[in-house]
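There are two complexes below, and they share subunit A, which is joined by subunit B in the first and by subunit C in the second.
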Partner chain A sequence: MSDGHDTHHTDDDCGCSDAEATRPAGEGAVPDGGTATEAGGEFEPVDVFDGSDMDLRPGADSCYKCTSCDTSCPVAEVDDSFPGPKFQGPEQWRLKRKEDTEIDDSIMGCSNCMRCDGACPSDVPLSQMHNSARGEYVDNQMDKLSREYIRNRILANYGTLARVGSKVPRLTNAVMGNSLVQKINEKVLGITAERDFPEFADETFRSWWKRRGGPKVHSEEKRIAYFHGDYANYNTVEVAKALVRVYEEFGYEILVPDQRCSGTPMFANGMLDDARRSAKVNVENLGDAIENGYDVVASCTSCSMALRQEYPEQFDLDGTETVAANTYDALEYLLVHENVIDPIRAVDGDQLDLPDFAYHAPCHSRNQGLDRQAVELFRHLDGVDVEDVGDSCSGISGTYGWKEEKYDYSMEIGEEMFEHMEHAEGETGMTECPTCSMQMEHGTGYEINHPLEVLEKALVDTDVEV
Partner chain B sequence: MAPGLASDDRSTLLVGFEAATDFDAPLAADRLTAAGVPFDVEGATVAFPGEYRADAAVTRLAHALERDEDAGEGRSTRQRLADRVRPHLGDAERVGFPAILGDAHVEDVRADLSERLDAEVFEIPTGPPSLPGIRLEDRLFEALDEAGVSMTTGNPVVDHETDADGRIERVYIDRNGARIPYRADAYVLATGGLVGKGVDSDRDGPREAVFGCHVPAPDDRMAWSGEGAFADHAFARFGVDPDDRLRPLDAGGSPEFANLFAAGGVVGGADVAREKSASGVSLATGLVAGRTAAEEA
Partner chain C sequence: MTDNVMPDAAVVRVTRSHSMSERTEVVVIGGGSTGCGVARDLAMRGVDVTLVEQGNLTHGTTGRMHGLLHSGGRYAVSDQASARECIEENRVLRDIASHCVEMTGGLFVKRPEDTEEYFQQKLEGCRECGIPAEVLTAEEAREVEPFLAGDIDKAIEVPDGAIDPFRLCVANAADAEEHGARVETHSPVTDVLVEDGEIVGVEVTHESGPGVRVHGTEGGTEAIYADHVVNATGAWAGRIGDMAGVNVEVRPSKGVMTVMNVREVDTVINRCKPKGDADIVVPHETTCILGTTDEEVDDPEDYPEEAWEVDLMIEELSKLVPMLEDARTIRSYWGVRPLYEPPGTGTTDPTDITRDFFLLDHADRDDLPGMTSIVGGKFTTYRLMAEKISDHVCDLLGVDADCETADVPLPGSDDFTVLRDYMDEFGLRSPIGRRSMQRLGSRADEVLRTDEPNPVVCQCEAVTRAELRDAIDQSGTDLNAVRLRTRASMGNCQGGFCVHRMANDLREYGGYDRATVDAALDELWQERWKGQRHALWGRQLSQAMLNHLLHATTMNRDGAAPEDFAAFDAGEADGAPAGVDGPGDAAGATAPDGGVPVDAGADEADRPDGGDAGGD
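What follows is the complex of A and B.
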């Protein structure tokens, strides 16, 4: 798409003059301008194409106001009080550099879906800017005794709650499913009563793994360390088990290292200290695994996103870059290293107990460039239709849609996806993200599967050779 | 947009919105009149119906029109918009709006407004964010999807491998440090020019950024640019030098790779800023490169 911007840039002034204005005189032009011969008075051609100091320049100056980020932002589209990513990111950043202004409180309106980050053709580090601004806002400007803070802290630390709740899954499910408790949650905490709390599995993935005796396949060459995250451990255990079965079918030795929450909900709520604590444990343990020849795979695209992008952007931890460079989404990794397509082609989908699917690509998979992999893979599975329901955001963005004051926006954002799901042939949903999955179920009543569960049915439960 | 043709002599009303400041209808009408167009043209500015922030996103306004949302007083967005435009109509036979008349269903909105105003409604393309651009993009992806094309976006190609015949065998994209291989029979290079960062340059000269293709440039660096900002700069023409199948050529005039084709800003030779030909060059080269690449596949 960069080509498109090239096009308009040359036709009219798309705001580069603004970038010129903030550039100290005498620095000449930057590689994206090429027109700043007048900026420095004396023209020195050597500077025209010298991009070397570009990296040191705060990312705000890379913004040429193309507005791609703003048009990609699902929140700005429904929430009139939210000024959008261009303001939130590069513009606020610039203001801040001139004088030490406070962070605008609209930052708390951002759901951290990161669509803007992926949409920017000019590599402006939007998500990094949002995360930093949000962290600063929460640290310095938010009342730590306020209902909003307490509520956000609770939502952000879902894993801690889950650890306790999952000890007595049935009791917790009964209590959390109680409508009176939901009302109290809404009134006291500001957690919407409209949604049903996800149920805890009777047995966590980790206890299942332990009871099973760990890996059944051993290999020196093919080794993955599984980052399951909290949700697949406590709630959607069947996704985690599907990953194990699929990877073992392909001959991988699986390690399930000790781990904490990936930090995604903490970033989204500006709880950077909590996120850092989690990140430190994860980077250490995953780093050790990588040293022992394992590659890291995650089944949740927000988890892989955090490990690959948010950790190195936010924290200067030892080994973060190595973890980022060796972490993959579960489906992505298989597609790179194994021939998945031929076995899938060999399967007769009509013989499988599989419905047609309406697939939604989570924003965090989109930002990793993985939004197409599931539909493109299952094209090869005869007899099972997997239809992409479009590029809209599901609207829940992790904890965003759980907030009482955001619930309506969340559903309004999700409307397009719900509509497309209704129109699709399949009446079962498919997605990689646990919270998108909640939203899909909430909006349509469909059951939702993970691509790994479909792979399991197609390749493990049949006698096809992989 | 066709009913907005300047060679058409039907009288015209241009309508702008207070919220969408990048199109000033009265000013545009004056300029057209001054330019001697063969039709009468007036401009009017109206408030967009409904409650919106002063700088509401145009996509938001487009969707309000497309869904024909309730705009207060028991009337819908399109109804109220037509009400506001009607007093300005005079004997105009066609009405031009900035291009925000909806997204996927723009034709429905246009037809409905035309009927309400009893005049043919058309859109005028404005600066970014451009809904016509977004619509084109959506149509492109839809067509690709239908054709069974695989797509991945948002991550840069950082490396490639060639086979014994010098054809590109695979490319690697970078995802936060992880190298992911992709393979195809043919590759179309559409990475943009200097602005789009498809062409890099350093002291040794300019070079195509992904495959390192040859980019012709004067040896004397002083000759890269002319005097003054709007001069005929050599650098403005920087880009790969393609053969008639749009394969980038090396310094000796033979294709760099048999299966690489170039389109858009990365193709050199034209100063698209001065010529105002960027869209034309992109569309024409895109078509040819796509077709010739398909012959390889």
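What follows is the complex of A and C.
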């Protein structure tokens, strides 16, 4: 949501750690028999549908049919068989009667980029409607032995795959990088052979953290619990390490709690039971950390999106609201609590080994109101040009672009971003989202960095091994 | 329905109008549930019938009720005879009108301030009348309806249902026509013909010539002679009586109905207390309808529609379903009940007047043979009323035939239990296919099977072009009649995004000229606006504003800008003034945002649905 989280540039205790900073759950929309957030406070619905089913029809009250969501939908623009978010959301929900269980199969065309949430002028809980409808569709209508289901289940549970694969990273990288294996993946599973499977790091972030002996900085006041997610743990370990070094530079004590996947790919594939299991672990562990004075930061904007918006919308777990209210994007949190600009200004960028960048804001960061933060910060870094390549979607949307039948759409959506990257001065990409990063690299051949990596280069003396 | 090919028929009609006369056995005045029911019943018994109605079918009280198919529970304490009739007819209609009925079930909900004594009376009353009734704890009731208030005591579950009065009347009229009846809408009775102390027929004034209505077609008067006249005009019965010179004292009583945007409940929710205003929520199609008030009025066509009535609905019913307080209402409408009591009863409170119906044979009552009036009664028992009237008329005419209306399904309600994947068969997305099936019942095949593209015209209610065209076949240019048949323009945008598409099909499919289409569109738009005036706050106000901007400014329907296309300034393309090559080329060369490459525009044009992503 564009009215999401304002970045306060003050050093005093930020008062924004309350629920109103993130988007409220849809009006009248109640997470499976959920919390009493209704007007009047006396309303507490009964959990009738046992599990994931919830009545989101009242969310259609906010819809004026204006079609802003449809015109902002990157999938509808390229895929004529996809009827768009207005149909998937308020229209389909409003047409439901209690006994109606069938969901139109076109819900599986949605990539879960959530741009419709941001486009809606009237706070229709579009992505919540889509997530719920998709969950119902997968639970009730999808053949659990079908190739599509199995493929989606695998993609959605990337973390499980990664846990095994990363035990023997070199072997896994060799096997997955083999073009024959890629062909087989495409033929048997429907995972596109066009993309190179992301390489596993030699050492996971968590092993590194353990080997390192945990935090090097201790503080009673400044404490963050780091939600790294699966990708920064298994693949882009350098992003996670950059976060550690930057935050320690600013005097933070870092906790790396036990955690599971944020659930983003599970939501996108309608695997709500899987997402709930992950959410339960995360909410418990992050909730404990919050109780001990830690705020939660994530380096992936889809992870922070899941913790802040999707958990409270989808699950009625003890503590989701607290976790949602105390979770931040890593750069956002730093900008809220620290003076980052002055140290950045003091740096002579020309002395650093930093290229110019073409920056893409991920859709999920845009929804949290964070789409300009990197560009606005690095504007103060002399000698390094960071150019925003526009507000289009990268097209990969997590697992979407990995599906054989979606690959072409994914690239068509990404075309605008690729073009703008080519036109930008910089020949290195920058983004917060790991899958946007894959897409940017895939479409342009550029190397892609995370803003935290740039911040690390600018502010941390990396010659000293920490 | 009859095969009317509009343009040709229209020509024929003009020549037929002006001072015609016709002979039939029975004229039925009034195209509401009773009139349509009588017409069907008599026609099925082989009687020659003509039905005349001043507006559309359901124009009067039938089209302005809350759509409740009574279980009889509401009358189980105060009027057990009515209650018994209701449960009996409730069962009949589930069979013969299955595509008009949704068996939602109903609850009588007791709040802490409602008496236990009445709750027990209600329960026993239901059981005495043969109405299945079960007591639910508060917890159980909220399992049925999660949005019920948290502080309710308990509830009684009864087989209430929802019924679409429009569909029901249309099906009755269609079946009457199948059996040889003539149905004339927009043909108000302007005189009752009395000769030698006997009623011999009626004079009607056709608004646009007989047959389906076409705007702008010249009307005329017609004398319809009949052996017997049935006055089934409900709240208007007194007016017909006056024309005949007899006194029929109907006491019209108004009641408000407020339409919510979504179904907050899927079950009929009644408040379990003796009579009272604002005590029922009926899930109706995609909406919920809150009802109602009961206030005697002088004139069934001219009475105040007051804001306090709407406020009362929301305030009182929020006690049962709290979320109603902040929920969106899309419109409100009022109906007038045709209450009647025999002279000398002297009831002062209209809620105390019986809901029973009265058959007034003016031969016995006023010494004026040739006409029977039917007054009082209620929608759920319309078929039974029609049966009794038809028995009476057949007696008078010496017709010996049994009533079949309790056994023979209405068109659309034939058994089609064979499970088929209609969505795949008709190429419709599942909620659209499902809603179409619910509306069309067994007529789905004949309506939806088409070789042509079948886009959704009304997105709120999921109405496709094929269904719209079927309704146009039946309704001529009367878009309100199309609306009643399809529900197009009855959703949350109240026509903002579809009335022009509906009108466009009058041109594309019906072949009507611009002036006719404009008149039809204006009439529908005004009707849609009428009800929304009572919902202009919060979100429906925003909707109304958006609708206004779309239609008044974007489409220039307020006529503020002259329609002079030559004066349109398309800007300049490539340094040369646009428009010199004619409007077609100018449009191709200049994109609205001033300069997207031409091939981007071509892409757009190639797309089969023209980029309206929600439209198919």
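To be clear about the criterion, the second predicted complex is superposed on the first by the 400 of 466 C-alpha atoms of A that agree within 3 Å, B and C clash if a C-alpha of one lies under 4 Å from a C-alpha of the other, contacts with A are read in each partner's own complex, and residues count from 1 in each chain.
Note that a contact is a pair of C-beta atoms (placed from the backbone, for glycine too) under 8 Å apart; a residue touches a chain by one contact, two chains touch by 3 or more.
Every value quoted in this text rests on a predicted model; they were computed, and no experiment measured them.
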Partner chain(s) touched by A:His423 [first = subunit B, second = subunit C, both, neither]:
neither
Using the touch definition from the top, say if A:Gln92 reaches subunit B (first), subunit C (second), both or neither.
second
Subunit A residues touched by each partner, larger count belonging to subunit B or subunit C:
B
Should A:Lys167 be classified as contacting the first partner (subunit B), the second (subunit C), both, or neither?
neither
Have a look at where A:Lys210 lands relative to subunit B and subunit C in the superposition and call it first, second, both or neither.
neither
Classify the contacts of A:Ala76 with the two partner chains as first (subunit B alone), second (subunit C alone), both, or neither.
both
By the touch definition at the top of the document, which applies to A:Ala60: first (subunit B), second (subunit C), both, or neither?
second
So, A:Asp388: does it touch subunit B (first), subunit C (second), both, or neither?
first
First (subunit B), second (subunit C), both or neither touched by A:Gly84:
both
Looking at subunit A, which of its residues have contacts with both subunit B and subunit C?
33, 38, 43, 45-46, 48, 65-67, 70, 76, 80, 84
State the interface residues of subunit A toward subunit B in the complex, per the touch definition above.
1-12, 14, 31-35, 37-38, 43, 45-46, 48-51, 65-68, 70-71, 76-77, 80-81, 84, 118, 121, 308-309, 312, 321, 324-328, 332, 336, 366-370, 372-373, 376, 379, 388
Okay, in this complex, where on subunit C does subunit A touch?
102, 139, 142-143, 146-147, 149-151, 261-264, 266, 283, 286, 322-323, 325-328, 429-432, 434-435, 459-462, 491-493, 496-497, 539, 542-543, 546, 607-609, 613-614, 616
List the residues on subunit A that touch subunit C in their complex, please.
27-28, 30, 33, 38-40, 42-46, 48, 55, 57-58, 60-67, 70, 73, 76, 80, 82-84, 86-87, 91-92, 94-100, 102-106, 122
Complex contact set, residues of subunit B against subunit A:
51-53, 56-57, 59-60, 63, 127-130, 133-134, 137, 145, 148, 150-155, 173, 175-178, 180-181, 190-198, 200-203, 206, 221-222, 224-225, 228-229, 235-236, 263-266, 272-273, 276, 278-279, 282
